[in-house]
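Comments concern the structure below.
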Amino acid sequence: MIPIENFLVLSALLFAIGFYGVLARRSAILILMSVELMLAAVAINFIAFATYLDADAFSGLVFALFVITVAAAEVGLALGIVLRLYRERRTANVDEANRLKW
Amino acid sequence: MGMEQAWVLPAIPAALFVLIALFNGLMPRRGDFLAILGMATVVGLVGLILLDFTGAFSAGEFMPDDSNVFAFDWINIGQDFFIIEFSTYVDAITMVMLPVVTIVALMVMVYSTEYMRGEPRYGWYFAVLSLFVAAMLTLVLSGNLIQLYLAWEGVGLASYLLIGFYWERQSAAEAAKKAFITTRIGDVGLLIGIILLWRATGTFDIQSIIAAATSGQIDGTYLTVAMLFLFGGAVGKSAQFPLHVWLPDAMEGPTPVSALIHAATMVVAGVYLVARFSPVYAEVLVARDVILYVGLFTAFMAATQGLVSNDVKRVLAYSTVSQLGFMFVALGVGAVGAAMFHLFTHAFFKALLFLGSGSVIHATHNQEVEGLGGLRKKMPITTATFIVGSLALAGIPIFAGFFSKDEILHALISDGPAWAYVMLAGTAILTAIYTTRLVLLTFFGEPKDHHAYDHAHESGPAMAGPLVILAVLATIAGFFVFDQVGEALGLAGGIGALVYLDHPHHFTSIDWAFAGGATASALAGIIIGWAYWHGDARRAVAARTWAPDLHAFLVNRWYMDHMYQAIIDRVILGLAGVVAWFDKRVVNETGVDGGAQTVGYFGYRLKFLQTGKIPNYALGMAVGIVALTLVAISG
Amino acid sequence: MFDRLPLPSQFDRTIVAGGTVAVLVAAPVLVVLLALLFADEISAPEFVFFVAAAVIMAGALGAVLMPNVVHAALSLVATLLGVAGIYLLLLSEFIALVQVLVYGGGVVILLLFALMLTNAADDPVVSDGTQKPFALIVAAIMGSLFVAVMLDAQWGNPSATVVPFSEFGARIFRDFSVPVIVVAILLDIALTGAFVNARRAEETTDQVEEAAA
Amino acid sequence: MTDVLGNTLNLQYELLLPEIILAITAVLVLTADAFKRELNIGYRTLPLLSLLGLAGAGVASIALLDTQGDFARLIQVDDFTAFFRLLFIGTAAVLIIGSHEYIERHVNHVGEFFALLLLSTIGAIYMAAARDLLTAYLAVEVLSFSLYVAVSLAKDDARSGEASLKYVLLGGVASAMLLYGLSMLYGVAGSTQYADISEALAAGTSDVTLPLLLGLVLIVSGLGFKAAAVPFHNYAPDAYEGAPLPVTMYLSATSKAATFALFLRWFAGPLLPAVDDWAWMLAAIAVATMVLGNLVALQQHNIKRLLAYSSISQVGYMLMAVTALAPATGVDTSGALLVHLGGYLVTNLVVFTGVIHFYNQTGKEEITDLRGLSQTNPYLALTLTAGLFSLAGMPLLAGFFTKFILFQAVASADYLWLVVVGVIASTVSLYYYLQVIKQMYLYEPLVPGRWRMSATGYLVTGVLFATMVVIGIWGAPLYEVADAAASALFVA
Amino acid sequence: MTETDGYVLLALMLVPLGTALLLMVVPSRERSTIIGLTAISSLAMFVLSLYAFATYSFQDGTQFQGVLAFTWMENVGLLGENGIQLKVGLDGISASLVLLTGIVIVPGTWVSWKVRERTKDFFILLYILTAGVFGVFVLIDLFFWFLAYEVALLPMYHLIVVWGSTRKEYGGMKLMMMLMAGSIFIFTAIFALYAHVGLGTFDMEVLLAAEKDENFQKVFFPLVAIGCGVLGAMFPFHSWSPDGHASAPTAVSMLHAGVLMKVGAFGVLRLGFQMMPEGGQFWGPALVVLGITAALYGAISAMRQTDMKLLMGFSSVSHMGYVFVGLGVFNSIGWTGAVLQMTAHGLMTALFFLLIGGMYDQSHNREIPAFSGMAKQMPIWTIFFVFAALASLGLPGLSGFVAEVHIFIGAFRAYPIIGGLAVLTAAITATYLLRGISQAFFGEMNPRWNALKEITVMERAGATVLAGAILMLGLWPAPWIDRIGPSIIEIANL
């Protein structure tokens, strides 16, 4: 039986990597992808806990399920907005989307 | 009308003040007659009270019981150690003051009807005169220190208003301001003294305080300090060194005012105060010595200044300061009687002199001796009365000044240091000299300004009358020193008998040998003056050429005004400038505005955290999380 | 829009690149793991786990590090599949299925399309942000902290339970009825959002139609 | 019906009636919009329809006022829920009435806008009503998603898309953080039910302390983002500025209120046993928020941004109350927070409705554009002044009373130092509010000549103004309602 | 004073408030209506305050009279029985200050009829302010007390920036911000007090009676002292006063310097010394030092001022310094003096600002050096001005002396040196006032001002009212002292 720590560590690393992506990337879409990584990490957590620690190993699973769903929906929504911005400014580069500041 | 009704005395003029001040416009002659009638009544009442007092006195009671009856609480917050009550208190000293104040006031008012005729604010003038009289009477009658202080400031106010009567003249306004502020500085001392005494005794009632002090309840040094502060008040009011500078300038006021306030009555309030507390001063000899030396110095200094001044009124002003110095010398050696006596006589002859000079000024519209001279032909009455006054001032026998000054010198030589006597005697000679000078330059010799001379004329009855009356008084007032005179008048005795009640020092005659010396010195002074100034007018200015430096020193009043001016400009205003600067720059701009700007600056810096770039924002969030986690785990 | 999506040249180049990277990274790891497996150092599940973990890590790193957006997207696929593997390992095959379908099937394609639509085809290389070093530091700290936390805790004793595939639907719609409804609303909103944004602004369309009319 | 663990699930759907009504209305609105040519209906229909739905929902929730209970252990219907139901429905209604002209003129896709408004209201309500982490999370996302979209709806405004992008990307990160935190919580407590969680935490978590702490950190951060608390606030000013004004208003009103409803549900409920673990975090964040929000607000020149920062600082005050949720005084503190929320909402609506109508007239949104408003439209100037003063906590207005109650609650919970910070902050805030007021009263208008708002504008501002004053001088009813709602939190 | 008189106290607040509301509905062009309304209501306020003052008579053991309470909210949240109630009550101290307000508002209203633009709004704000001031004096529930306190400050900003003069933006903003910053401290102290007593009520009587830990008092007294001290222009928190007064319109300066600053000192007495006597005893010396510093400091820097209103501003700082000395010496005499000084200075400074305003409206110049010999042009004005100056420099027979002598004596009782300095300050006051007067009013008439006319009838009337009050208090202070003294002693005994 694999100790749960393995999964948790894995998800932690995944989360951190995802966050790194958010911080380091410039293309809106890549940032979005990094967010997906973070969400995947979350899902791993939920399922790991569900499987290992939950008496009735279900709510965790459902949680993970909905996380996946929401993530997908978010991608759709966000991409729509990215495309709009691209249409307006001919760029998907978040550093150039800084008219609003101060 | 007994002593218990004494409160009526101030009440009458006070009422008249309100009446005239508000409604003089509606009255015929602007209501001056009201003031005079009221004054006359007061004089009559004073006579009655005097009789009542002396009657009781001759009945053997030292201090009539009903002398201190009228009293009511003015301030009472409900703690017995702090009650301020108004009360009238009548005793011998009061009895000396009352006639002086009222009679001179009456004379001056009558005189003013002519002197001030046609002036703008004529009614206002009489109103303020009444106010002054009211305050002065309250002052001399008050049995309570706070009440006394109230009246004390009241006379100051009246003086301020009257000195500034011709406020169109900047000099007059300045003089009024100077007078008020200078005396105010003295009053600070007075108030502090009063409160210190209260602090030690828990009462403001003068007699209780005196009783407490004389019974040695109060620690010696504490009492000394308190009494010195009290004396500070006297110094201010009575224009003693170092606060004497205001009195000469006060001559900016109308001359009758100078006669009443700045010669006869208000300025002697200080003398009155010290006399009133003489039993206490007898306890604290240090303070008394201070008084002696202050008086001595002032007398001498003022006399020297009087020697050179060319302004008639100023000469008289200096002489007033000097004579007040005499009185304080007397007080300084504990000769209360002599002091009060001199106050008494001085009031009359100095008032006479001022009114006389007023008459001159009225006639010639000139008060510089350089523009006067030879007026004796034109103004006989004025000349005669003025000479009488001068003789009294110089201290020639049978004239009032002689007796009182003699008393002072006598007291000084008996109780004071010898050198002090020498100095004062010298001052007496100086007095004779400048008096002579004044008379000569004003009434004798050739007229220096013919235009003025031609228009000069003798004053009318309203002015001449008071002159004559005062001249008579100035002549006979001295005789009150004799008990016989007093008894002849139905009094209990001479003025000495009245005032020296608590001293054994009764005298029925004077030491003629001593008096002879005094007389001789006075005559010597007159002769010197005559020898120097008689004849043509050019002599008047000769002094300047004779000893220019000394002359300048004297003319500039020993440079004291300069010194004060320098102190005010450099030190006080400088300090004020520093403080104002501190307030503007440090407190306000650095403290308040600076604080605000600092906050704003932080805001300005912080707002640039808002770079508008998503990764930066995310970084902020990440840092937040990391920080919180670190704290959480470490904690 | 297909003409803007430059298949195949761009595409197979990507595949080649991705493949090589995957092999280069995966091969040694695989060897080691196999060795351990046959030496009975690790059990079969653990073997699978490590393989999957390796894939996930590699993919994740690729996704956030690769300069070429297309490569990044593809390595994201690797990660997500790896995650699906983890799900399987955790005995929740349904979630794994969903994962594969939704991500592998939907999301990534969506991402790729978006990439193409935003000109990634012409210049697929997007340089990283200026704050990269800070990002590295912060993320490193964060990761190490998280890992430390996970290892520090004493987790309860594993009680591996399985939710039978059959029950899934029934239970979702019974025990989690509200979330299902809410997520429906959510999807609706997401749809609307994507639609209103991707679609060009209203007036223009109206004008077009008016012009047509 | 029971679930596997044998818990009976009662499925009274009437408990969800208001939300159902809202959802249906939303669908109707969308349909009506989609077929507006065919049905040939004007713009007016959509707001009216939405208002109808809101009215229905309002009636329903009023009818439900005294029915307590839970729906399938997922939704808790109690006074707390009712309080927020009415609050949110009311806010939405005010928004529609107050700014329908603006929406017509300056918003794309009005149909979708209204639909989103209604749906997001559901999300907001469920944030307050959920009694299960999953439901709560989804509700959060519903609200956030609709806001992501709504922000992007400004017509002819290049800022809108950018704002929306920032919001959606950072929002994604935030919800990832929140989820990670939730997963930790789930791992620690082994359940997503509030009740079980509080039991588990109360039972003690010594062997998983750090995961719990980490979870709390991430939850606080995630919610902090939704509430725009420093340092998770950066998106807010940009989103506020880029969004259409009504959306800005909605962001600063409903979204914040809902977030704090969630805060209360969680931190006064399942997380209360761990209060010592999170109080300090919230305190720190609260202080940072108050300070930074107010300081930066001093430097703003755009009304929207100014209000954004001012509402950030307001979040600081509210977080103070959450911090002070000690078990002993929990009820009172949360009651005070609810009072302040109510007052703040009303005040905020006053200000924003005023600004919206100003924009309708002038199309300007710089502070300096307000100059001379006291002459061109004295009524509006007065309203705005009162609103701003109320935000600054000046007396006779709601702000004073609610802030007073809030602060006294916090002070009584031995957080006097927090109160001090808060009072100082609100004094600083007075400065920038006065700057705005100065523009209106001190200077001459650029374009002289009086103008009038629309009738609905007068209606809404009038009613809100009145409410604001009433709360200010007779706040007892509000306080009692809030107190009841708060005590509902603690019965479980 | 009976229960029913409590309604009078209530009316004191409601009359101005109601007038403000009424004015809102009056169309602004109907000047006559506005004037009539304000005339009536100001008169009503005066009568009511006079009635309150007259009917108040001290009774042993009870500090407040005419106590009347309406529960506002209770038993909700942290609030217990009588949590917050609209509660009014009067004691000797507040009675005299109420009368002061009633006296000042009348001329304040009269002179404000000169305001031309936005007259209506002006009066609305002015009366809201007045309501606040009355409230502070009569309300004895901390919540409402503080509410009234803020209400009194609230309209200040508009009144200054809209109707003010020179540097009004700066002056108004600084005044508002500093006073609000001051209320931070009060706010904090109130909460601390409330939490410390822990009876769940803001009722002042209860809080006064409640036991308070000594350390608590020592910690929180300074907060009250500073908070209220800011409004009382206590050094070094005074710098709003000169600029604020300089920029405020006449009536506002009158009310603000005349009454509102007193609210600050009143707060120190009521909230500070009365609520936390031990703290007061501990910090009294500090207050004395600050007070005497302010007195000297204000007087000395006034010497350098040329703008009449700035001069008055600093003069106010100086005079309020006396008040704080009187409070700080912590004995009944000093406190009585402080309260008297509040009244005295209120009347006197109101008169000053009235006169300065009356002149400024014509000349639009307040620089003393610019004037000379004004007595010729405006004799009545001059007389009143000199009168006010004499009152201000503590001439016996006028209000200033009565108050100051108490303070001096109280100070001497505790710290003779301080007392001496205080007396000295009076002389300095005389200096700067008389310097200004002799420069501006006397001497050669400056032809530049030939156009100036005598102050208007309303201004003369107002000045007469104030002058009369000054004279009354100066010559016959018993009515005030009989009310203040016993109440003070009652407090001191508590």
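Letters A, B, C, D and E mark the chains in the order given here, with residues in each chain numbered from 1 onward.
The rule we apply is simple: a contact is a pair of C-beta atoms (placed from the backbone, for glycine too) under 8 Å apart; a residue touches a chain by one contact, two chains touch by 3 or more.
Computed from a predicted model, the values in this text were never measured in an experiment.
Hopping across touching chains, the smallest step count from subunit A to subunit E is 2. Chains that touch both subunit A and subunit C are the following: B, D.
Ranked by how close its mean Cα position lies to the mean of all protein Cα atoms, the top chain is E. Farthest from subunit E in terms of Cα centroid separation is C.
Using CA-based centroids throughout, the chain positioned farthest away from subunit D is B. Comparing chain pairs B-C and A-B, the larger number of C-beta contacts belongs to A-B. With centres set at the average Cα position, the gap from subunit B to subunit E is 38 Å. Put simply, the C-alpha centre of subunit C and that of subunit E have 72 angstrom between them.
Mean C-alpha positions place subunit D and subunit E at a centre distance of 43 Å. Between subunit B and subunit D the centroid-to-centroid distance comes to 79 Å (mean Cα coordinates, whole Å).
Within subunit B, the positions touching two or more other chains are listed as 596, 607, 610, 612-616, 618-619, 622-623, 625, 629, 633.
Shown for subunit A are the residues in touch with two or more other chains, namely 8, 15, 18-19, 22-26, 28, 31-32, 48, 50, 53-56, 58-59, 62, 66, 70, 73-74, 77, 81-82, 84, 94-95, 97-102.
Listed for subunit E are residues 177, each touching two or more other chains.
Pairwise, the chains that make contact are A-B, A-C, A-D, B-C, B-D, B-E, C-D, D-E. Residues 4-5, 132-134, 137-138, 141, 145, 148-149, 152, 158-159, 161-166, 168-169, 172-173, 175-177, 179-180, 182-184, 186-187, 190-193, 237-238, 241-242, 299 of subunit D touch subunit A in their complex. Within the complex, the subunit B residues that touch subunit C are 613, 615-616, 619, 622-623, 625-626, 629-630, 633.
Residues of subunit D touching subunit E in their complex: 329, 331-332, 335-336, 339, 389, 394-396, 400, 404-405, 407-409, 411-412, 414, 416, 419-420, 423-424, 427, 430-431, 434, 437-438, 441-442, 474-476, 479-480, 483. For subunit E in complex with subunit B, the residues that touch the partner chain are 174, 177-178, 236, 238-240, 243, 297, 300-301, 303-305, 332-333, 336, 373, 375-376, 390, 393, 395-397, 401-402, 405-406, 408-409, 412-413, 416, 419-420, 423-424, 426-427, 430-431, 434-435, 437-438, 441-445, 477-478, 481, 484-486, 488-489. Contact residues of subunit D toward subunit C in the complex are 1, 3-4, 9, 11, 16, 23, 30, 71-75, 108-109, 112, 115-116, 119-120, 122-123, 126, 132, 134-135, 138-139, 141-142, 145-146, 148-149, 152-153, 155, 161, 164, 187, 190, 207-211, 213-214.
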